[in-house]
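Multiple structures follow.
Next, two complexes with chain A in common: one pairs it with chain B, the other with chain C.
Let's turn to the complex of A and B:
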């Protein structure tokens, strides 16, 4: 007899974006994963680039020279945006994981409410904070410097 | 049970990263406000500033802590994404081992770089 493997993710990656009638929370989930994967890739590259510090000044300056220019500034800004989103949305997810801001269990009486309805103000607040950081970051990257 | 523990560590690592990466981003991008961490002036990645921060054992320790927590958080997150694609059990095991080896390898390399960087900065 085949072992019961629960309910596997039958939709795979496609389920991230086209899984059905998902609400905004589903797209926050998708963005959380995309930014997470992007940051992991950047972090691994960052480890190798900044390790040149161990060799000395000339190696450090040479490796920093390789990552300068408008394209890298734009890339660095995108990393900043990804960090801002992943961090703030991550805090929201930790709160939800701990049962904070999702309300108490209620009877399923019409009109139905879900924990997502209680969570929505938190999600909107998180998005506003992310937008504020993204704007301040843009000023720092492209105007103040 | 094991996955539950790893998931809790994943969340805890996220909170640690929030503080350490927040500090790192502030030092690198709010240098006009946090000039104390860039005593030589100029850009935070100028060698003189890198040496000034690198001479601090506290900075070196936080680099290594951030390295370890970020690698665990990132690679465990990647493992969760890959596992959701429902690979066969032997492939799951192989993926776990590959990610562990990659994580440990990067941690050793990054720790070496941070420690030698600390020694180089201390001698400068």
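Let's turn to the complex of A and C:
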């Protein structure tokens, strides 16, 4: 239908990355979507791999043999990073969607203050927590074990 | 150099598209002389008047009020009329039509998707006492605090800059977008309105605010400080409260009572008769 109205100009996936402004909240949005899709993919693969136990002991051990090695440890670590980001940023988003940490409606007087300014400390706090988890996770995955 | 920052010559790199002539939009360069105080819109007029009269865009008030001249300026959505070339601090100004809307011609986007979504959310006062609205006998009472709860969102000029910047609008044609949702919240919050239930079907559906994940680009590019992202999050809170049965139900504002015992001064003329 859009074609009938003129030349299509929807940005598509590129619109997640750029296309208007390049604020940090856009990249939190994009990372949230990417990690969400990544976790969904991991979840499907995880179910597929662990379902081999239903076939029998040998099938289970064979599938476990296939998912060992440094590459899979790195993959598991990336899953951990995705979970850390998606969960903590998700909690921040839930709070924002409940109207917490976004301020009240104000008189728009230039230079305009937006809810992003009110949200900034929450976003920074969430990022610091994510970074701390990612660092501890890295130590746990690659140093302590 | 004109003022130490802006070169004397400015290159306008404009994304051109003419239906029937071009298969795809193409970039064309136009060099014009910079003058102090020149806005991007002024530059487009100069290109049209002195180089290429076929250049098309939409504009009207030239003072950031009508919302007609929304365009991508150096990749960022904004109004051509209130963007000074000097503040861009570059000798090449790229101008493109707003993203996420079909291109009618050159810099003219087709904003019908915006207005369709806007219309679907009934952006006007809805009340049961329609006779009072058709033949008003007074004013509905509203306190200053009640007005402040929606006033910020009522400054929207429907320029569509927010929808061009929104990453959800970039991939999701069903999403109503920041303009329509902010306006729906503006009316839902208005104490004179009683239309929450009427709008709820659209708001709670797949076109509603739950497709927003708070990228905040709408608020960042809004030339009027409307902060649509805030309106959308506050609307989500309203919808959650409603789903949990926690939303404060209220009757729409009643007519303001006229003060008792006060006579109209005879030297104050009557208001003119309604024209519509």
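Of note:
Just so it is clear, the second predicted complex is superposed on the first by the 136 of 145 C-alpha atoms of A that agree within 3 Å, B and C clash if a C-alpha of one lies under 4 Å from a C-alpha of the other, contacts with A are read in each partner's own complex, and residues count from 1 in each chain.
Everything that follows uses one rule, which is that contacts are C-beta pairs under 8 Å (C-beta built on N, C-alpha and C of every residue); 3 or more make two chains touch, one makes a residue touch a chain.
Values in this document were obtained by computation on a predicted structure and should not be read as measured data.
Touched residues of chain A were counted for both chain B and chain C, and C has more of them.
In the superposed pair of complexes, A:80 makes contact with chain B only, with no contact to chain C.
When the two structures are aligned on the shared chain, A:96 is found in touch with chain C, with no touch to chain B.
In the superposition on chain A, A:30 makes contact with chain C only, while chain B stays out of contact range.
Once chain A of one complex is fitted onto chain A of the other, the partner contacts of A:140 are limited to chain B, with no touch recorded for chain C. Look at A:12: by the touch rule set out above, it reaches both chain B and chain C. In the superposition on chain A, A:127 makes contact with neither chain B nor chain C. In the superposed pair of complexes, A:112 makes contact with chain C only, with no contact to chain B. When the two complexes are superposed on chain A, the residues of chain A that touch both chain B and chain C are 5, 8-10, 12-13, 33, 97. On the chain B side of its complex with chain A, the touching residues are 11, 14-15, 17-18, 21-22, 25, 29-30, 32, 45, 47, 50, 54, 67, 70-71, 74-75, 77-78, 81, 84-86, 106, 109-110, 112-114, 116-117, 120-121, 124.
On chain A, the positions that touch chain B within their shared complex are 5, 8-10, 12-13, 33, 36-37, 39-40, 43-44, 47, 50-51, 53-57, 60-61, 64, 80, 83, 87, 90-91, 94, 97, 137, 140-141, 144. Interface residues of chain C facing chain A in the complex, by the touch rule stated above, are 17, 19, 24-25, 72, 75-77, 97-105, 109-110, 112-113, 148-153, 155, 161, 164-167, 169-171, 173, 213-217, 219-222, 224-227, 229-231, 233-234, 236-237, 240.
If you check the complex, the residues on chain A that touch chain C are 2-3, 5-16, 18-21, 23, 25-26, 28-30, 32-33, 93, 96-99, 102-110, 112-116, 119.
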